[in-house]
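Each of the two complexes below includes chain A, the first together with chain B, the second together with chain C.
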Partner chain A sequence: MRLKDISTPVPKKDHKDKVSGQLPYISDVKVDNMVYGVLYRSPIAYGKIKSIYVPTLPEGYDVVGAEDIPGPNYVKIIKQDQPIFANEWVNYIGEPILMLVGKDLNTLYGLRDKVKVEFEEHQPIYTLDEAIDQISSASFVSYEFGKGLDIISAIEQDAHQIVEEEYTTGYQEHVYLEPQGMLAVYKDDEIVVHGSMQALYYIKNALLSALACGDDEVRVVQSPTGGGFGGKEEFPSMMACHVAIAANAVKKSVMLVFDRHEDMVVTTKRHPAKFKYRTALDKEGNILSMCVDVFLDGGANEGLSSVVLQRSLLNSAGVYNIPHFHAKGHVLKTNTVPNGAFRGFGAPQSFAGIESHMGHLSKYAQLDPLEYKRKYLVKQGDPTITKGNFRDPILMEEMIEDLLDASDYNKKKEEFQRFNQQNLRYKKGIGTSVFLHGCGFTGSGERDHIKATVKLVKSKDGKVLLKISNSDMGQGIYTTLSKIVAKELDLPLEQVSYPDPDTKEVPDSGPTVASRTTMIVGKLLERAAKKLKAEWKSGEEQEVFEHYVHREMIPWDEKTFTGDAYPAYSWGVNFVEVEVDTLTGIVKLEKVYGNYEVGKAIDDRIMKGQIDGGLAQGLAYGYLEKMTTKQGKIQQKSISDYGPPTSLDVVPIESKLFDNPYADGPSGAKGAGELTLIGGAPAVQSAIEDALQTSFQQIPVTAEVIMESLERKLVNRVD
Partner chain B sequence: METDAPPTARLLDLIREEFGLIGTKEGCGEGECGACSIFVNNSLQNSCLIPIGAIAGAEIQTIEGLMETEQFKILDESYSECGGVQCGYCIPGMVMASAALLSENPNPTDAEIREGISGNLCRCTGYNMIVDAVELAAKKGEVVCQKK
Partner chain C sequence: MPEKITAYRFDYLDETLSQLNKEDCAIVAGGTDVMVLHKSGRGVPPKIPKPVVFIDHLSELKRVYQKDKDLHIGSCSTYGELLENPLIPIALKNAIKTIAAPAIRNRGTLGGNICNASPAGDTLPLLYVYNAKLLLRSVNGDRVVAISDFIQAPRRIGRNHNEILAEIILPSVLEEGSHVVFEKIGNRNADAIAKVSFAGYIRISNERIDDIRFAFGAVGPTMVRSIDIEKKLLGKPFPLSETDIDSIVADFDQIIRPIDDQRSTAVYRKTVALNLLRYFLNTSQYQPN
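Take a look at the complex of A and B:
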């Protein structure tokens, strides 16, 4: 198949093996001399380990712990604060202390029950609010930027009124259908780690540190990955350390696969967050200044939280040009499971908050929320809140107009008002969200930390292989990145392939995160293909490399939080219609619309899959999915306790793409995967608010939250 | 097939470990996600919930068995054409559920399809492209039936 328009859908390269179930995910793999591992985890939230008792183990069974780590005892990521096996302090319930390995899982479970660890317990910090009360000691990291507070305070003194709001967002759990799993294959001269992952070189670097070994003694191979959504960005590094250290110690291959329960209670989640908004308004309800404080619950280790906070802050003003804007943010330590990457990476929290706040401010101007938001929309050439620049064309007005038409917004508002007057039990509402996503790593990450390299290998018979370290976890890059290369080389798509990455074979093209793969890695591949085309010699083996080149704009400075934080932005608008049952609080989605601008889609059908799946996650984050902790313990241990959407919860999504090719993206493409999640929660919240004519200061707006709000309303009326 | 496994062993483990059939996946082990869906005497079941003692003499079909059928071929094509597959982990179970639905109801409505696959979780697709695939498979199936 030769490609004309890159956006025209093609069959996915990995379709056959997936539909038949014959693609081996890590839990489908068996190797010779393989044993299983089970982890003994801390039962307490905070304390010092006094003693560890391990029962006598049968032959062929071993215990592996901190003393078996050849290198330093931490999982290498940013800070050195996450032990591989805790041996002094434990900081959360579920923290790994040791691993038992052996042939039979049931025997291992029985042995684990007999392990006894004595602790000296200390007072934990269980909640974000407790941590905020102890901010000076509980803060991992903080940033502050924007207009000076002296200027803002002068503005506030002259303002007509000050509106203050607090807003909270909950955990979100990834619920990738394939639980986490990792296998270390022991060989005489190397340890090969296979597993479900998004970031091969994060794992390799963590292993080089933990095993204190040479570059050629450890190798990482991605297995087919059954969903990631960020959950397989940094977390797998820890599991990889566990199995590799065990393999190294017992000289056998070691498999560690979580069951759903373990996966739900010990893996990273989306950071719960709290926002404080303080906005000065004039008489007409116009914004004079805005201050935002962001607090993220980091859990017990810092992990990637500082970078998550950066993205939260960078999105704290949404898609708006707010006069006199100031923001400050903290990541706080609590004695709970560490939080980490999740599709959107701090942005979904911020967008839920700012969209909610802007919606509430619209009442002071007596305007429809969307009309009010449109007054502040950023335009091409406007500065960003960090004194960067929106230098590319912005199509938001066009996209909003289109949805106003498609949804018949004004008419529907009137219709719903009539419906709600005539109906006591059921109430209908329509809500909107407008949002963007900064594509690629935040700040100077691509230039300073990732420094991506890609490689193309051409065989004698003219077949081309992609040699990159990026994971297809369902988002379809086996197909889309192959399309980019095939198009540039003018080859049939069948002649281009992309084998499962293996660090022995592929250079570091960076992790599969941050909506960077299509835009950054795809562009490098496009350039590599161009080079290969120019040098093409029939009948010869050839290799080409291409390295990341940073296009300097306004240089990013993390210390002052100024400059261009992203090379480009993708944009979106969602409209959502709901019906709320005021007897039960149950929300039913009626219609969902999405308009998106991602430069140019590499495959329209794959893009639609991103829209439908991302939006389903985003909507559910706003009203359905709820995870909580009690005294440091995750309360939702099964999928149905937690409540991700089923086929009965979602409705067809009417979506449209607006082309706006980006010069530094392959065929004009920008990032797309995370964008699609971001608008869901704020749109569904505003639709519920419209239906009930009330306001909420939190997501998820669950049935319970709705019932409480209705009861409060009733009490207020009686009073 | 005979086995020495204890009657309390899970059918899922028997299929995967003893028979080495990897198309039946474990997503939750609690009957909530449908990734391990199989047919027991032609009825759709979660194999993680079935102790093998309960199915002595029953006819079991997994995705590997379904693969041999014309119905699978149609579903395979339809899932491809509608983009119903992303990470793929839920898909064998989803295809089993789709086949079960279409066997009972060859022309399901959108609502009936959603109901029919509601025991199978998918975290990637938001379901719509899977619903489209089942709808397309129904149409293709009709054509196949007419030809016969």
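Take a look at the complex of A and C:
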């Protein structure tokens, strides 16, 4: 197949194997001399280990713990605060203490039940609110930036009024279809770790540190990955350390796979967050200044939380040009499961908060929320809140106008008003959200930390292989990145292939995160392909490399939080219509619209997959999916208790793409994976608010939250 | 090595019953509760502590037929089969459609839902308001019990070890003139466990209440139903007065005692249960179904 317009959909490269059920995921794999591992986990939230008792093990069974780690006992991520096997302190329920390995899982479960660990228990911090109360000792990291507080103080003095609001967002669980799994294959001269993952070189670097070994003694191979959503960014590094250390200790191959229950209670989640807004308004309800305080619940160790906080802060003003904006943020430690990467990476929390706050402020100006928001939309050439610049064209106005038309917004509002007056049980509402997503790593991450390299290999018979470390986890990059290369080389798509990445074969093109793969890695591949085309010699084997080049922009300074935080932005608008049952609080989605600008879609159908999936996940974050902890323990341990949406909860999503090609993206493409999630929650919240003529200060707006608010209204009316 | 288990799959109900008479077995119909109940950790088969006897294939247990105005439903009828059957009342079909998703509905049976005796069993509120009777069969013959006597507590039923639930009888259900509703409140629209459910039954003649029944699910250890409260409404003019409605709601307020759990709160469950009851009592127009 030759590609004309790159956006024209093609069958996915892995389509047949997946739909036929033939693709072996890691839990399907068996190798010679393989044993299983099961982890003994801390039953308490915070304490010091006093003693560990392990029962006598049968022949062929072993225990692996901290003393078996050749290198230092931490998972190499950013800080050195996450033990591979906790041996002094435990900081959350579920923290791994040791691993039992052997042939039979049933025997292993029985043995694990007999392990006894004595603790000296200490007082844990269970909730974000408790942590905020002890902020000086519980803070992992904090940043502050924006207009000087003295200036803002002066503005507030003269303001007509100050509006203060607190807003909270809950956990979100990734619920990738395939739970986490890792296999370390033991060989005399190397350990090869296979598994479900998004970031091969994060794992490789963690293994080099934990095993204290040479570069050629450890290898990481991605196995087919059934979904990631960020949950397989940093978490798998810990599991990889567990299996590799065990393989090294017992000289056998070791498999560690979680079932859904274990996966739900011990793996990372989206950071619960709290926002405090303080906004000065004039008489007409115009914004004079705004201060935002962000608090993220980091869980028991820091992990990637500092970077999540950065993105959260960078998005704290939404898509708005707010005069006199100031923001401050903290990540706080609690004795709960560590929180980590999740599609959107801190931005969904911020957008839910700012969209909610702006919606509520619109009342002071007596404007429709969307009309109010439009007054503050950023335009091309405007500064960012970090003194960067929105230098590319912005199509938000066109996208909004288009949806006002498509949804018949004004007419619908009137219709709903009439319906709501007549219907005592059901109330209809329409809500909107406007949002963006910064593509690629925050700040100078791409240039200073990732330094991506890609490689193309051409065989004698003219086939081209992509040699990069990025994971297809279902999002479709086997197909899209191959398309980019095929198009540039003017080759049929079948002649370009992208084998499962293996660190022995591929350079570090960076992790598959941050909506960076298509835009950054795709661009490098496009340039590599261009180079290969120029040097093309028939009948010869050839290799080309390409290295990351930073876009000319205002340099990012992490200390002062100034400069261009991202090379480019993708944009979106969502409209959502709901019907709320006032007897039960049940929310029914009626219509969902999305307009997106991602530069140029590399494949319209794959993009549609991102839109439908991302929006379903984002909407659910706003009203459906609910996860809680009690005394440090995750309460929802099954998919049905947690409640991600089914096909009966989502309606067909009416979406449209607006082309706006970006010069530094392949064929003009920017990032798209995270963007699509971000608008869901705020749009559904505002639709529910519109239906019930009330306001909420939290997501998810569950049926319980709705009923509580309706009951409160009722009591107030009676008083 | 997985342990060996004994499993029986007889061609006829007779043989099944005589085996049950000899040996206490775990009965498996669709298995959709049994397999979950006995689930082991990953990679280890479920551990069922008794010999297993499969009954889902027995045609004697899959018949659905009318006898006078009563409807007889074979206990091993799957949800999928019941949805296709024209004799099954619409309200029951509506309840079935809220259960799980098609795959489970192709396995799960009505008898299994009853014998599993979960407070959140979705057919139970309706079966209570239908005054369902259960036909239990053993080598000693048949006996018939009311569903409200059969279900005693979560996962506890009044079944002797040698008995099989053979039929569910819905008395007079095929008579005209009653109106029945079912509402299930879950956290999502499929594959959800009820947080609250409500079934209401009303029959009106000459603008007076001839018969009225209510049952609530997932707000107590078993279905909440009160014949005493229902009796208060018999013979009352319909539509009901505000005072009558308030007093019935207040009565149920006293006896509905839900709990907080990982799926919802006691406050929510109670509020919604009473809301649904009030809505049912308030509705002034009923289409018989």
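What we mean here is this: the second predicted complex is superposed on the first by the 719 of 719 C-alpha atoms of A that agree within 3 Å, B and C clash if a C-alpha of one lies under 4 Å from a C-alpha of the other, contacts with A are read in each partner's own complex, and residues count from 1 in each chain.
Operating definition for what follows: contacts are C-beta pairs under 8 Å (C-beta built on N, C-alpha and C of every residue); 3 or more make two chains touch, one makes a residue touch a chain.
From a predicted model like this one, the values you see are computed outputs, not experimental measurements.
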Which superposed partner A:476 touches (first chain B, second chain C, both, neither): first
Which of chain B and chain C A:105 touches, first, second, both or neither: second
Winner by number of chain A residues touched, once chain B and chain C are compared: B
Touching partner for A:654 - first (chain B), second (chain C), both, neither: neither
Which superposed partner A:584 touches (first chain B, second chain C, both, neither): second
Which superposed partner A:703 touches (first chain B, second chain C, both, neither): second
Partner chain(s) touched by A:130 [first = chain B, second = chain C, both, neither]: neither
First (chain B), second (chain C), both or neither touched by A:225: first
Which of chain B and chain C A:259 touches, first, second, both or neither: both
Touched partner set for A:175, first chain B, second chain C, both or neither: first
Chain B and chain C contact sites that coincide on chain A, given as residue numbers: 259, 639-640, 644-648
Chain A partner contacts - residues on chain C that touch it in the complex: 1-2, 40-44, 101, 183, 185, 187-193, 195-196, 262-265, 267-268, 271-272, 275-276, 279
Residue ranges of chain B in contact with chain A within the complex: 16, 22-30, 32-33, 35, 63-64, 67, 72, 75-76, 79-81, 83, 85-92, 95, 110, 113-115, 117-131
Contact footprint of chain C on chain A as seen in their complex: 36, 38, 104-106, 109, 257-259, 262, 425, 583-586, 624, 626, 628, 635-637, 639-641, 643-649, 702-704, 707-708, 711
Residues of chain A defined as touching chain B within the complex: 9, 11-12, 14-25, 27-28, 174-179, 224-229, 259-261, 473-476, 605-606, 608-609, 612-617, 638-640, 644-648, 650, 652-653
